[in-house]
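Letters are used for the chains, namely A, B, C and D, taken in the order the chains are written, and counting of residues starts over at 1 for each.
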Amino acid sequence: MTAALRFDPIRLPPECVKLRQEVRAFLAEEIAAGTFDPHKPNREDSDAPEFSRRVGARGWLGMTWPRKYGGHERTFLERYVVTEEMRVANAPTRRFFVADRQSGPVLLKYANERIKMDILPRICRGEVCFAIGMSEPNSGSDLFAAKTRATKADGGFLINGTKIWTSSAHIADYMIAIFRTSPSTKENRRHGLTQFLVDMKTPGIKVNPIGQITGQFEFNEVVFTDAFIPEDHVLGEIDGAWKQATSELAYERSGPERFLETYYVLTELVRAVGPSPDTRAAEGIGRLVAQLHTMRRMSVSVAGMLQAGKEPVVEASIVKDIGTIWEQQLPHRVRDLAAFVDADVTNHETLENQLAFAMKTAPKLTIQGGTTEVLRGIIARGLGLR
Amino acid sequence: MTAALRFDPIRLPPECVKLRQEVRAFLAEEIAAGTFDPHKPNREDSDAPEFSRRVGARGWLGMTWPRKYGGHERTFLERYVVTEEMRVANAPTRRFFVADRQSGPVLLKYANERIKMDILPRICRGEVCFAIGMSEPNSGSDLFAAKTRATKADGGFLINGTKIWTSSAHIADYMIAIFRTSPSTKENRRHGLTQFLVDMKTPGIKVNPIGQITGQFEFNEVVFTDAFIPEDHVLGEIDGAWKQATSELAYERSGPERFLETYYVLTELVRAVGPSPDTRAAEGIGRLVAQLHTMRRMSVSVAGMLQAGKEPVVEASIVKDIGTIWEQQLPHRVRDLAAFVDADVTNHETLENQLAFAMKTAPKLTIQGGTTEVLRGIIARGLGLR
Amino acid sequence: MEDAENIVAQTAERIFADLADAQTINSDKKGSWKAPLWRALSEAGLPLSWVAEEYGGSGATLAEGFGVLSAAGRSALPVPLAETMLAGWLLSLGKIACPEGEMTLVPAGPKDRITLNGDATLSGRARGVPFAKEARHIAVLAHDEKAKPSIALVSADKCRIESSLNLGGDHTDIVTFDRVTPVAVKPAPDDFDLTSALLMGAVARSLQIAGSLESMLEISVRYSNERVAFEKKISKFQAVQHNLARLAGESAAALAAATSAADALADPATPKDAAFLEAASAKIRCSEAAEKAAAIAHQVHGAIGFTIEHILHRYTLRALAWRDDFGSESYWAVELGKRVAANGADELWPLVASR
Amino acid sequence: MEDAENIVAQTAERIFADLADAQTINSDKKGSWKAPLWRALSEAGLPLSWVAEEYGGSGATLAEGFGVLSAAGRSALPVPLAETMLAGWLLSLGKIACPEGEMTLVPAGPKDRITLNGDATLSGRARGVPFAKEARHIAVLAHDEKAKPSIALVSADKCRIESSLNLGGDHTDIVTFDRVTPVAVKPAPDDFDLTSALLMGAVARSLQIAGSLESMLEISVRYSNERVAFEKKISKFQAVQHNLARLAGESAAALAAATSAADALADPATPKDAAFLEAASAKIRCSEAAEKAAAIAHQVHGAIGFTIEHILHRYTLRALAWRDDFGSESYWAVELGKRVAANGADELWPLVASR
């Protein structure tokens, strides 16, 4: 084979089955207690700090990390189970999700011991929220065009410039960001960017929320004006962020959140059509379930590869490419299939509201965290085409 | 508007309505006489010379051309009606189709009077078959990479090289081909090709049929070995074929044959589901009919533009892009919709055979005469993107 | 009719350019653009385009009015111009004089059934009625117990209106008629039925969708020629070019389907079957195009197009919302498919080729 | 099971490489490759992989046999290896000893209903039976008048076989059982039914489709790195890259769905509902992938891929043909959709997450 793509079947081990029951029981309690409504994905869930702490207390944050940093040394497959159950329940995970998925692993790899001992246990306890500072007004998909400068100063760096589309920056305690420490070179246009840990309480940082078409305020413009970052907050190699970016993004690319973002409309459709749908609705549901099942098995398979210590960049990109397009089209397919549902079925209004929100959410799904075009470029490279 | 795309609605004038009835009556007679079976698109129809002559006798070839060349000075809309009725009936048009659609107009524009007076009337009488010599083994979509040489010789040119994918070359009387008369230049890589009229009886031309996956032998390799072409068979400017190619291809791009190639499976599906289909089949048929109707109205609109003397290159490319993808997917959609048709319905075997043939035909539809990629490039240029 | 010759549409276009600029409306949180816009439209006689002068309208042709709707689509116009025009058209068919101000109409969908009671009151419920909350009057097609159709003019404040907003943020409301006494009620013309009303609404929405797609294409092409990534304009990437080519194709298909259907309805010689094919196909194809086009337009714009400040959503979300009005594409596809099947396979091509 | 550890599959792969080279088979109009290939497969015990040694087979595990089918798909193998394996599996469930030579099985689709008559003969008709014309025996699942299932071994020459070819040129025939006396007939295991047989066939075909897609990807990538157009390798065009990325995605999805379903059936601990989800999903998703992948592979290849001389069609047309066997994707989608709906919305996620 030109491209040795592998998606070996994974049988989730017994500990995953048990864990899943625990997570479901926990979520049922939270729902019963009114923490969130699983049928309302469109709420503002930016501040559910107590929920975060309770998730942390269960040991479901930093699950795969070393115990010395507050982690639990469990498997990627166990982490997978927790993630998918939370996502499917529409639990308010925003406050801890980025820290757990992306920022923590970066710190584990590149931060110094003091910072690790300080921050990682707090992530595991669900106490801190992270943002990621990648895009800038004139660099979206092209991360290496970033211009925000980190200028050497006494004991650290002064940051000047603007990050944009920064999710959760308005509630974040920290940001992991890339800043320009040197110009790019002719030989390597990716040279010159450095990754930093930013304490969001630092003077000189201003966060301006940006309204989304969903009605939510989830992402932000973040303006840096002589914001000081201490030297030991550099993560990894000076000018060498590009070497770190690839493996880091792999975490982003294949999790269950990459095809489950609008899943709720499928459940609601099944409820709306009732136990004996006509052939049209049955076929539509059957195909959607088959597609969903396939992506999930691919995604579980990638989790298995991560557990085995591999870096399945291409496989993960494929899951995200297929998954995001699927979840983007899902509300439209569900709308089609629900076209003849009686307006008097009990969940009609819920379905309508969910569809409206999912359709407004849909456009961002193939843009955020690596556009379709970027992903296909990565896949093409993996196939040996570039 | 950036791109002033227009698809004005055309009302076919009364003469078209009358003409359509005549064509239908003619075709019904031909079918009754056993000339062809409208339900069998997969026959070898390469030689239906008598049918061609009868079509010519009706005045349905060279319809828009001047009377002095045997034409009938009728409108593009009338020609459109004849074309679509022939196509929908699966009439054996191969022998005259290329001459009528493409070659005749090229001769009208670029041939000398003697050739025009010689050949055009014969096209109009359905007596001659044309082929088009564009592609070569190493130049498919990229016509300007053609290498077959036309070397100046006494009173004409000697041709050496190979054309490929040449439809109907094995039955053709003439070919219109581009040959290299000069190398391309640094400034213009399209320079150096000249268009020629080739008499296929010329010594030094060998036609090797190439089998297709449909089981048909429709296209060929054509090998030229010192084949002599007289000087007056040059069509247009020496080294300047590239200036002629664009407008010429417009004829190819938006006719009804660009979305009706597999239409027969839709008719047969309607027959198979009967008068009271379930919601699933009804919706599927409704959508397909709406898509078909829309393309046809676009295509009629382009015919109207041609009649008005415009060169709607972008509009025609859009019709072909959408149309060929549609006709390529059509057999698969029909297969889906026919999944629950009873094997005992009378036309079951006809439908099965048609589906098999249409599925084998499908891959070529987005390749021949301008690939999807080439078409989208043309559209993008029209939008001002390149 | 070419828009270039359509003075009514040109008038509309001028008013939209002056008073309904997308960026201005998008930035204006207080809605102060709304009153002057409606005033100008009314002064130009546009809301009652399709009402004869004797009934208080401006007596434009169907074709002229359709041109106005295309322009309204290109502007993603957020006032009930199309609805008032349709209501005026319906009332005129009932020979009922038109009142001033915003109107809307019922049926707004195939399930809306309003009964004309023996005491000349109206009963029933209609869902997804566009702009009902902002309408002063509602034109209603109702049926008596013998299924005979009548056209009625109803004062909106006599109805119970449950308010909600569509994807684009415009009103789409539930209207309940609880033995409402109409301002006027007259018999509908012979041959006129629920389907006739819905088809006209479907064509109106098709034109609006097609118009919005033209604008999506225009602003997406413009953006791609401005935005730089990976050191070149994104319009230079083949993937972007092909996406925009597909968007152009969807926009073209929508435009062709909608204008063809409008022309079919405007031509009194169009056979009934052909008119049904045209109008149903337009709504089906334009709705399908809306989904694809909106996805591409957003993809080309990236994150900026997802912000409330950018105007893109004004077009994309309305185009998507309009799919639902006067019968969804699924509804019309089933109806069209049933007709085609009932007529039989050999009648399909003659139908498709009838115009 | 990783293929690397699957010695049975490796044996098969070696035989395919030696004796079933696609180019050789494609060029050989006389079919002289066929006898040596089948002989080698038989000598290696592959056709009866799933038959216990006591019944004349080689006693491989289900997982090992599934690996053989993936490899067969990658080779677009045009002999009834999968069918003979499935027939052997079915006969083994009935504790019937296997004969030598090519076999096929019935049911080949959800409408195939064969009756076991009171006099122990079989009646009925099955359509689209793969390779029936080349089979010496047919394994049959039949039901008596009380709907009790039995498994029978039938000599093919006792049946009426109407011959036809599928898209890929392999036999797919109509088999009529007209009071045929079987060689042997035994009761089927408890709980075994038509669906059980079809699901196993569906997984076999899914693996074959996925295998053929792997090969389509491989030869398309290779071709794109060789073919030059517009003065560069076509693999350097972004449009071609993105097409191939999509092909890789479809190939990956098919592979994942098929191998996951095979693993589910191979694991005796898999709950019945989960096995149904896995097998039905595999057939649905692989069939959907086949259409998209075949279209892309042909598009990348251009005209050359449309010729009978090129090997591409061996993979594309078989992948498309295999969609029809043991229940089409539409059939399984309706069945899966009905089950999901019958279980109710709140059971959907637990089902999806059950493995």
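Criterion: a residue touches a chain if its C-beta (ideal position, glycine included) is under 8 Å from a C-beta of that chain, and two chains touch if they have at least 3 such contacts.
Remember, predicted model here, so these are calculated numbers, not experimental data.
**Student:** Taking contact as defined at the start, I'd like the list of chains shared as neighbours by subunit B and subunit D.
**Tutor:** For subunit B paired with subunit D, the chains in contact with each are A, C, in label order.
**Student:** Between chain pairs A-C and B-C, which one is joined by a greater number of C-beta pairs in contact?
**Tutor:** B-C
**Student:** Whole-Å distance, subunit B centre to subunit C centre, using C-alpha means?
**Tutor:** 38
**Student:** Using the average of all C-alpha atoms in each chain as its centre, how far is it in Å between subunit C and subunit D?
**Tutor:** About 50 Å separates the centre of subunit C from that of subunit D.
**Student:** Please list all residues of subunit C that touch 2 or more other chains.
**Tutor:** As it turns out, subunit C has residues touching two or more other chains at 237-240, 242, 329-330, 334.
**Student:** Hey, what residues on subunit A touch two or more of the other chains?
**Tutor:** Touching at least two other chains: 279, 283, 340, 373, 376.
**Student:** Can you list the residues on subunit A that touch subunit B in the complex?
**Tutor:** 278-280, 283, 340
**Student:** Which of the residues in subunit A come into contact with subunit D in the complex?
**Tutor:** 1-3, 5-9, 11-12, 20, 81, 84-85, 88, 266-268, 270-271, 273-277, 279, 281-287, 289-298, 301, 314-315, 318, 321-322, 373, 375-377, 379-380, 382-386
**Student:** Report the residues of subunit D in contact with subunit C in the complex, numbered from low to high.
**Tutor:** Touching subunit C from subunit D are residues 237-239, 242.
**Student:** Would you tell me which residues of subunit B are touching subunit D in their complex?
**Tutor:** Of all residues in subunit B, those touching subunit D are 135, 138-142, 145, 164-165, 189, 210-213, 215, 219, 328, 332, 335-336, 339-340, 343, 356, 359-360, 362-364, 366-368, 371-373, 376.
**Student:** For the complex, which residues does subunit D have touching subunit B?
**Tutor:** Touch list, subunit D to subunit B: 111, 127, 166-167, 228-231, 237, 239-240, 291, 294-295, 298-299, 302-303, 305-309, 313, 316-317, 320, 328-331, 334.
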